[in-house]
Amino acid sequence: MFGYRGRRSAAVLVAIGTVAALTACGAKTGDAVGSAQAGGGAVVDTSGSAVKVGLLNSLSGTMAISEVTVRDAIKLAVDEINAAGGVLGKQLEPVSEDGASDWPTFAEKAQKLISQDKVAAVFGCWTSSSRKAVKPVFEKNKALLFYPVQYEGLEESPYIFYTGATTNQQIVPALDYLKSAGKTSVYLVGSDYVFPRTANKIIKAYAAASGMKVLGEDYAPLGSTEFSTIVNKVKASGASAVFNTLNGDSNVAFFKEYKSAGLTAEAMPVLSVSIAEEEVKSIGTQYLAGQLTAWNYYQTTKGAANDKFVKAYKAKYGADKPTSDPMEAAYTSVYLWKAMVEKAGSFEIEKVKAAANAGGITFEAPEGLVTVDGPSQHVFKTARIGKIGTDGLIEEVWNSGQPVKPDPYLKSYSWATGLS
Amino acid sequence: MSLLVGQLFSGVSIGAVLLLIALGLALTFGQMNVINMAHGEFIMAGAYTVYVLQQVVTSAGASLLIALPVSFVVAGLLGVLLEVLLIRRLYARPLDTLLVTWGVSLILQQAARDIFGAPNVQTRAPEILTGSVHLTDDIAIASSRLFILGLALAAVAALTIVLRTTSLGRRIRAVVQNRDLAAVSGLSTGRVDRLTFFIGSGLAGIAGVALTLIGPIGPAMGTNLIVNAFLVVVVGGIGQLKGTVIVAFVLGVLQATVEYTTTVSVASVIVFVAIVAFLQWRPQGLFTLRTRSLA
Amino acid sequence: MTGLSVRDLRVVFDGFVAVGGVDLEVPEGDLRFLIGPNGAGKTTLIDAVTGLVKATGHVAFDGRELLGRKVHRIARLGIGRTFQTAAVFEELTVLQNLDIAAGWARSPISLLRARRSVPPTVEKALATVRLSEVRDEPAGTLAHGQKQWLEIGMLLVQDARLLLLDEPVAGMSQDERDATGELLGELSRDRTVLVVEHDMDFLRRYARTVTVMHAGKVLSEGTVAQVQADPRVQEVYLGHPVKEAS
Amino acid sequence: MKRAALGFGVTAALLFAVAPLVLGDFRLSLLAKYLCFAIVAVGVGLAWGRGGMLALGQGVFFGLGGYAMAMHLKLADAGPGNLPDFMILYGQLDALPWWWAPFANPIFALLATVLLPMLVALLLGLLIFRRRVRGAYFAILSQALAAAFAILLIGQQGTTGGTNGLTDIQGFFGYDLNDPVNQRMVYFVVAAALLAMLGVAWQLMRSRYGELLVAVRDGEERVRFLGYDPANVKLVAYVVAAGMAGLAGALFVPAVGIISPALIGVVPSIEFVIGVAVGGRATLAGPALGAIAVAWAKTALSERVPSAWTYFEGLLFVLPIVFLPGGIAALFKWRRRARLVPPAEVKEKVAA
């Protein structure tokens, strides 16, 4: 009754399967033939009257709050382009996938968009972690990603276009501004992930070179909402300003605590790099009025292109919906891709890339004229410091005057040697 | 010195928040052995109640005061609904209540996202609760924190009085100590269960009101808090409130102290290690209700 | 010395004295019944002997001190017990229940193998407790009396030298009681058996000696006749004289 | 016995022959990911279904296995003497941290993927089970463990990659992971591992130990009176489950190309359990099938209606557990009810 035959036959099957699998193995690492075979490159499906483009954003989970607005902005651009006749005579068909605020899911969905849907380009991702997770997928498949959010720099991928600010277009100008405003010491508060840690490393290098003092540095886990200790430390430090790289929900708790502790924007302003119009709305001007932000675009930015963008966005999604920097960068990224495709005269990825790398891709964006920097695949952007008003909008108080050349590795800054 | 006092108060106020959240759990988990992971979403419901009320009542102060009883009832009713629909079928399977209520919490969160939108919403606090109270010239403590501490202590006092002196309290304790005997003695255990759940969940609603003063109001606001609150109840020992009260404050001060000297992430690991170590010493928690029936 | 020897045993729950200084000697070969009104401390005494509750004093079996040892270590010294409400593993079959009871000393290797044949002791116990027919049924489906027997069967395969039985015949039919009584008599020949029982009729028929407990103390001890004649016992059972208790 | 042989045969045929023929590269690599979850589920089924230990911290062991594997692969990618890319970027380190160094050795790393989680589980289990922390206490504690471990990993960005985790893994013991053929190979390895783990679980469940484990689940105190120390009995199942989770995490890395704290915290850990509950917690195949079904449903639903997934997942926790505690398996197994009925929670009858 208790024989072993069953197990043995199963074991034999397993063994056969494994051996078969192993003998059928493909390329070894460093094997030139294998690599070429592996990366034949993504094929864009241009057979129909429409070309698919991928939208990869978190529509659920903790990041949905921010990423849904980016998705909406991308859709707006796609609709506008379609209404104006499409790209190279083809309509764009958006395929939206949910990254679910989960990095492996981002990788999975990126692969799906590339190999199942055969999209011409993918727009999306917000967190650095999601970008890091999909980066190998795009490189392996030789497919294009347009990443629309300000980030920590120190990265260039041949298959990613970065349309948000890199550090020298946001963090460095913000520090310049604080310095010029006579702030001699800062306290660094951030969420515990890549962007704040890298940003703070840059800030410390900058401070060391410019005589600014960094009086403390604290990180809260993402999603943390308990800030009494950190605010106590900030208050005790007596810094003249706070550089805030907190993300999401943590900002709400931080600013409520900040005000409770009797700290004010006048005495110790907080300069935030992750608080845009949407976040202001959910934190409340009661706590935020007078605080500073650093971005490349505000809803109040002057110009006909922005008036048109704001009007179109509100018409499509509701009058109470503000526009913000990442949304604008996402919106712009679709138009930049369109310009690349049109210049290349083809949807073929290597040709689109070549057209962009040759330079001269521009777009009259809501933030002003943006130009793609061919070699780095980043974008020239104007840095802007804003002050949060009691009406929930952000008024520009300073800008860099002209678009700043992207420098993701901060190679042109002497104090930054050794950072990358 | 001022920093020391400030930091001590931080610890106490972290403890007060923990206590306010854990109090309801002490009742539903401690007394009824139900692990309600949706407790965090009842907190969320309480916080959204403030938001909704403020659409009607413009005065921030008045809306907050009205919100306290209203949130209690809203969250309490959600709790009763949960008890009647699901928990009632699971009294023999306490571990399963954990998973089922986790599912409920996912559904409630998504519902909040669909009703109120994914972004956090904004509530106004009365000006008096956004500033700080100066004890001396250089020692100031946040008035919102003071309010929460007061609220937490008031909730403990009220709950103690209810449990000790009212007939409802006696019935709750009778059911906890011997369900079968209570049933045989003519007590409607079903009704007592529902009432207990109403109060426990209602306390979550109160906690939600308090949290609008210090934290974000959004669909995910409850999830971050729930695990720590459960730890408080576990370490405090089930069946008695005093353990929960003491442990909430001790953990709060421990967290604040370690966090001050190290980092937040090291602090949470140290707190966890401390808890495991503590359970080596007292596996049933700080205080236990000794009955013959538990070895 | 063989058998159970209890000296000055005390068990206190939060100030309530459940057992307050009990001395008890049960030699090998005895079939001792332990009786007393509710709350007299009978079950607590068994709990203390088996390590379930903390106690002070001395409890020795076959000369070895039991107090301070962990429950499973006490069990390994050959002390087995049953419970007021039959505690069998309801989702396991009768055979599995017995096999587990027989097996604490098994090596890890044999534990990790499936059972290939029924161990002889289990086979014998199945017959003894008349459960051979239902050996592949889940224990949860057994009648109440059968569960009690299964528990006794588990004591048998456990090869316990000291058997502590808590109301073993509660809920049994008269036939089953008789069979149980016979079995206990047989078992007690080379073992030490202590039975807590309320059924006075059963007691009169099968007890060799009786200890009466009251309010945590031993009130009287002796043969059935001696105990029944003890005025203190009659006083305790006033209103419920021993003779009418069955 | 014949049923078991048939079951293993059919499963092997499905995994090794049918799936690779029917599915394209992309779907096959998704299946590889699901199978990793299934391996975790087999362990959870053993610990929870048979042992009554609701392990809500399996993400920790999954993570330990995954990180052990990923650390080796990152070091192998970087080449001898070089630091992994992210360390240069974020860590500003001159030398490899001491606790990374041994993982350069493939044999050490491979052993560590399974043994490290088992060791951690052993230590933790000794502390927890010896002191009779169980039931809800155990569940909550294991959940807190997952939270603490995730926060710890995130906090050490320079040496663990922080929230990003370890990504961009190019090779797998010399094989280029970008090559679809090698991705198929990874799938076969995962499938073989799942079958092997099913075999281990099958043997454990049918053994005397398996019966003893059920006895401990249903009457921990009672088992003590039979001379067993239930802590040891539970420890074995817990440690084996941890090893399986570690193996799954290790295989997840080449299959998906990333390991991150997002797979370790409270939420992913509880998600490991849901498939088990849906499939049938106390059965052999139920947990694995349930895990695959839930993961597949997640992909399928989120491709079509993203927001609906959350509702659906919520209902997955609620409906089967309340109304079908035996899981889907219970629908098919009326006849063999003896072992397969869901565990009524620990009945402390002994107590009285």
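Order of writing sets the labels: A, B, C and D. Residues in every chain begin at 1.
Following the convention adopted for this analysis, a contact is a pair of C-beta atoms (placed from the backbone, for glycine too) under 8 Å apart; a residue touches a chain by one contact, two chains touch by 3 or more.
Values in this document were obtained by computation on a predicted structure and should not be read as measured data.
Asker: What is the shortest path, in steps, from chain A to chain B when you may only step between chains that touch?
Answerer: Minimum number of steps from chain A to chain B: 1.
Asker: Which chain would you call central, comparing Cα centres to the global Cα centre?
Answerer: When every chain is reduced to its C-alpha mean, the one closest to the whole-protein mean is D.
Asker: Just grab the chain with the largest centre-to-centre distance to chain D, centres being mean Cα coordinates.
Answerer: The most remote chain is C.
Asker: Busiest chain-chain interface by contact pairs, anyone?
Answerer: Greatest number of C-beta pairs in contact occurs for A-D.
Asker: Where the CA atoms of chain C average out and where those of chain D average out, how many Å apart are those spots?
Answerer: That gives a centre separation of 44 Å.
Asker: CA centre of chain A versus CA centre of chain D: separation in Å?
Answerer: A distance of 32 Å separates the two centres.
Asker: Starting from the mean Cα coordinates of chain A and chain C, work out the distance between those two points in Å.
Answerer: 72
Asker: What parts of chain A, by residue number, touch at least two of the other chains?
Answerer: If we look for residues of chain A contacting two or more partner chains, we find 2, 60, 192, 219, 221.
Asker: Where in chain C do residues touch two or more other chains at once?
Answerer: Counting only residues that touch two or more other chains, chain C contributes 52, 114.
Asker: Spell out, as numbers or ranges, the residues of chain D touching 2 or more other chains.
Answerer: 151, 154-155, 203, 221, 307, 310, 344, 350, 352, in rising order.
Asker: State the interface residues of chain B toward chain A in the complex, per the touch definition above.
Answerer: 2-3, 6-7, 10, 13-14, 17, 110, 113, 118-125, 130-132, 140, 142-145, 213-218, 220-221, 224-225, 255-256, 259-260, 263-265, 268
Asker: Going by the contact rule set out above, which residues of chain A touch chain D in the complex?
Answerer: That would be residues 1-3, 5-7, 9-11, 13-14, 16-18, 20-22, 24-31, 34-35, 37-39, 59-60, 96-98, 100, 102-105, 107-108, 111-112, 115-116, 127-129, 132-133, 135-137, 140, 154, 192-194, 197-198, 201, 219, 221-222, 420 of chain A.
Asker: Which residues of chain C touch chain D once you look at their complex with the stated criterion?
Answerer: Touch residues, chain C against chain D: 43, 50, 52, 70-72, 75-76, 80-81, 83-93, 96-97, 99-101, 103-106, 110-115, 136, 138, 154, 158, 166.
Asker: Across the complex, what residues on chain D touch chain A?
Answerer: Going through chain D, the ones touching chain A are 1-2, 4-6, 8-9, 11-13, 15-16, 24-26, 29-30, 33, 77, 89-90, 92, 151, 154-155, 157, 162-165, 167-171, 174-176, 178-182, 184-185, 187-189, 191-192, 195-196, 199, 202-203, 256-258, 260, 262-263, 299, 302-303, 306-307, 309-310.
Asker: Please give the residue numbers of chain B that touch chain D in the complex, ascending.
Answerer: Interface residues on chain B, with respect to chain D: 29, 33, 35, 86, 89-90, 92-96, 98-100, 102-107, 109-110, 113-114, 223, 227-228, 230-231, 234, 263-266, 268-269, 271-272, 275-276, 279-280, 283, 292-295.
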